[in-house]
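In what comes next, chain A is part of two complexes: it sits with chain B in the first one and with chain C in the second one.
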Partner chain A sequence: MRKRTLTRGLAGIWWVTLFFLYVPLFVIVLFSFNSANSTAIFERFSLAWYRRLFDNEQIINAFGNSLVLAVSSSIVALVIGCLIGYGMYRHRHRKLGWLIVLIYLPIVLPDIVFGISEMAFFVQIHAWTGLLQPGLGTMIIAHVTFQIPFVALIVYSRFVGLDPTLFEAAKDLYASPLKRVVHFMVPTIKPALISAFFLSFTLSIDDFVISFFTAGPESATLPIYIWSAIKKGVTPEINAIATLMIGAVALAAVLSMLFNRQGRR
Partner chain B sequence: MSENMTAEIADHSSAHPTTGERDGANRKASSIEMQGLHKRFGRDTVALDGVDLNIRAGEFFTLLGPSGCGKTTLLRILAGLEEPEAGSLVVGGKNITEVPPHQRSVNTVFQSYALFPHLSVRENLAFGLKMRGMKTAERQAKVDEIAEFIKLGDLVDRHVDQLSGGQRQRIALARALICEPDVLLLDEPLSALDAGLRSQLQVELLRVQKRLGMTFVFVTHDQQEAMVMSDRIAVLNGGTIQQVGTPDEVYEHPVNAFVAHFMGHDNLFAISAAEDDWVDTELGRLRLDPAEQRDAQDGWLLIRPETLELDGEIPEGYNRLQGTVAERLYRGSRIEYRLTVNGRSLMAVASNLGQRMHNIGDRVTISVCPEDLVRVAA
Partner chain C sequence: MLQSSPMAWRRRAVVSETRHLLFSVAPGAVWIFIFLVLPSAYLMGVAFMTNGPYGLPQMPLSLASFERLAGFGFLGWSPGNLYTLLRSLWQTLVSTALVVIIAYPVAYYITTCREKWRPILLLLVVVPSWTNQVIRAFGWMNLLAPGTPLSDLADALGLIGPHMGLYPSNFAVTLGLVYNFLPFMVLPLYAAFEKLDTAQVEAAQDLYANPIRAFWHAVFPQTLPGLLAGTVLVAIPAFGMYVIPELLGGGKGMMLGNLVANQFAESSNWPLGAAGAILMLIATFIGLFAMRRIGKRLGGGEEVVI
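Take a look at the complex of A and B:
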């Protein structure tokens, strides 16, 4: 009997967790389709808020900024993270403890600390050189910085999972260094690369804190827009943006997982 | 292999100008000359300590030795995957010591097979040709040709992870052969397979090598495998070559105790004194062929178990020993006896011809021809 109670108790924890995780999301999605301007009473189904959303130039701008930021930072992070991941793999036999810590640090560092320090840094540089005016450019740099460790670790773990003789087989079969990259390394880790790209993309779209501190006046992203709009109260319009973002991030996360699984097969 | 591989293989009788009496038809067969090769790992680990070795064109040559003897390092230097600290490597008359692996006409069959997981079997086979810039249509024709030659059948259209160990091994062999290298290197290619498949593939590999007349350099730690496969064997230990010779030379006349032990010999006895035609050992005084006499007084006497006769007729001049049967191992085609002579253990092997078997505890008279006794350096 006691065992059964315990099992039920544990199952209860599971359901309560799911409840608090998903019901708020569900409510937001639901009320984004509400015809009334209320976040409490659902009147009837309507796409009115979505229409208003797409008429709002500020939102379209913010959405554009988010997309440009996410895509460009992910591409840059993919290239650099890939090189670092390969470097970590190549030199894995050396004692790399402190280097690994360097790579992990941005992952565990609080975003706010990271954001504030980046801001202070960019402001200083701008004051001295006139370069790096806060805006999309500085945001891309900041995003690339926190995306790189994720990419590097995904690429590294994929390389570690390979038979090291494969690298020698490629050399042995007449592949020059460049051809080894094009015909062996990139195709072999392709699933990991795609997975890393989508993860970076998700991280960038999600990010508010670091973007907030490194953005300029013209480069508000969706999360920044939402934050400023929300001061006037949560409107169903915000719900509609949130719903679109949930959709986009869920899609990227699922794609990332699918490609990673395919690579492990 | 040439463009006309199958046709040439059919014509076994055509002797090749560079490979002499061999029936191989590979005009690209190359000789290998290694001189003073040194290699160390880290500060203290010496992998190769001055290796001089010549391998003839079209030869099936085996590097044999225990793990850590340097055989794999030597193979990797041939492939270009390791660089020697000193020494030179000449293949087919060209010094390739400094040539990177992707520019050497040398291909390797790796122990782990190293088939590319992101490619199909067909793409794996064509990889080397593609890297050398061969056109797609030509590559496909080559793949079909090699698939026919190695009898791959429908394996070509499978995915790599659908293959068994033996199938992977053959794909790895085909992937290397298709490039028609001057030299083919094989790094313990059969060690991951079970015994039955292993001996089947030994025969197959040998047949392929004889047909192509290509120079094969084979690495193994299995002396039986080395003897079955090789034209010549180099026995390595501690980064140096101990002996180079044909299988029978190495087995019947090992130059030192290490080679003798490694080739599976148990009957080695320390020589305490020697004269023109006899030696004193722990077994007693034994007569041997004066031609076998060495300058040194010490060393070992090797008695091959199969040269001993138990309770047989003893011709004039044969050595005679008294012993007791301590152990009998019935092997079917032969019977092994462990005898005790003068408190020493001596192995004898008799072919099973239906003669009476000796029982444990039996007193036996052991005879051996003086010419069958071999002196071995320490």
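Take a look at the complex of A and C:
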């Protein structure tokens, strides 16, 4: 008897929490279809805000910047992080504690501290040398810096999970180191490479604070555009653009669920 | 081919290993050194410099920015910055406590469900946090603004002044923090609950019967590693939060993150901002260190990786 009330109470808390988690997102989606420019009263269903979205050049530019930033920083981070991950594995018996600390640093650092230290550094270097003008370039550098640890850790843990004798076998099979990389290393850690790339990509797309502080006047990403629109109080299209982003996340969630299912089979 | 001595062979192996280390680890180590260690060191140096006319740091070295952080300015002592510090601590404390209170039953509920449903339920908890945090805060702005049903309700109950709205306020910031960090507590707690030894709980129930005591003596110690991991994941980023207080808090809801950021934007006082950043770093390291110590003493040295 008592057990049943406990289970019911737990279920109640679960549903209330779920409601709490989804209500703000639901409100955004709902009001993106509102014909009136209001977040309090829903007038009629309309797609007007979406139509305006695609005429807004700033939003299209911001979307392009987000994509360029995410793809290019992920590629650079993948190459560098992969090398570190392999180096950490190959030399794991050496004392590389300092390297681990160095690598974990961007994960532990509060992103506001990371963002402003990058910004202050870039501004100072720019004042001295004229290099590193704030813009997509500086944003890519900052993003690569916080993506490297995640890539390195994923690749490292994949290598640790492998049977060490595989490396001996590869050495016997392929004489040249290059062939060993192409025919053995890359294929065996391919899943790790793919998931590291997607994680870097997501981290970059999702980031606001670090991008905000390292951006130049021309390089606003989507979150930065949304931020400044909210700050200026010009919000009608924000619901529509936010809905599209929520939709992308929902799609990613469904895909990851399907992948998980397949992986377990 | 010449027969080489074992010594020479070994030396060549060492050289090749070192070269390998250089090629694999060096590019990343150099990158992180230039773009992470140098900027952090520079920022720490800036904290001890003097504020120049354009907000850029200048010599001579001084502790002026730390004094200003404690409230001492040109016009004598004022509590503004100290209030911001205390508010950051208070918000972190309250939101972490609330997150723990909500996350315990939620994580436990998921473990009571059928095994095939559990990953889906966990995903349902995590998915909202995949949306950009600016968008999530904007959702709460929509919900709590003046004239919305929630604000009208609070108004009718006399909780807020007429036509005030629940946002911007400290309450909105707490709510936003709880909303933002809840998944980070549910995941490690769920991991702890899944490994829970139910025999202990049953024994406790047989002996004490009181559910609160059963929880305290049989469940709580077993989930402590998860709780600690969750607290690190929630409290440290909450203390340095920038977006949520900026959007939901208004002028009276400012936290340390906003104080720091403002010094690099409108107010232009880099040394003061850098001093605030150092404070944040100290808090981060104290938090990590304390958790590690407590975790080790309890023998639950498990690391939870998300």
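Note that in this section the second predicted complex is superposed on the first by the 222 of 265 C-alpha atoms of A that agree within 3 Å, B and C clash if a C-alpha of one lies under 4 Å from a C-alpha of the other, contacts with A are read in each partner's own complex, and residues count from 1 in each chain.
One rule holds for everything that comes next: a contact is a pair of C-beta atoms (placed from the backbone, for glycine too) under 8 Å apart; a residue touches a chain by one contact, two chains touch by 3 or more.
Computed from a predicted structure; not experimentally measured.
In the superposition on chain A, A:His183 makes contact with chain B only, while chain C stays out of contact range. By the document's definition of touching, neither partner reaches A:Ala70: not chain B, not chain C. In the superposition on chain A, A:Leu203 makes contact with neither chain B nor chain C.
In the superposition on chain A, A:Ala169 contacts chain B only, with no contact to chain C. By the touch criterion defined above, A:Gly81 lies against chain C but remains apart from chain B after alignment on the C-alpha atoms of chain A. Of the two partner chains placed by the overlay, only chain C lies in contact with A:Val108; chain B stays clear of it. Set against each other, chain B and chain C differ in how many residues of chain A they touch, and the higher count belongs to C. In the complex of the two chains, the chain C residues touching chain A come out as 17, 20-21, 23-25, 27-29, 31-33, 35-40, 42-43, 46, 56, 102, 105-106, 108-110, 112, 119-120, 123-125, 127-128, 130-136, 138-143, 145, 147-148, 179, 182, 211, 236-237, 239-243, 247, 257, 260-261, 264, 270, 273-274, 277, 280-281, 284, 288. Contact residues of chain A toward chain C in the complex are 2, 6-7, 9-11, 13-14, 17-18, 20-25, 27-28, 31, 39-40, 80-81, 83-84, 86-88, 90-91, 94, 96, 99, 102-103, 105-106, 108-114, 116-121, 124, 127, 141-142, 144-145, 148, 152, 202, 206, 208-209, 213, 222-223, 226-227, 230, 235, 238-239, 242, 245-246, 249-250, 252-253, 256-257, 260. Contact residues on chain B toward chain A in their complex (touch as defined above): 79-81, 100-103, 106-108, 110-112, 114-119, 127-128, 130-132, 161, 175-176, 179.
On chain A, the positions that touch chain B within their shared complex are 162-163, 165-166, 168-176, 179, 183-184, 187-188, 190, 265.
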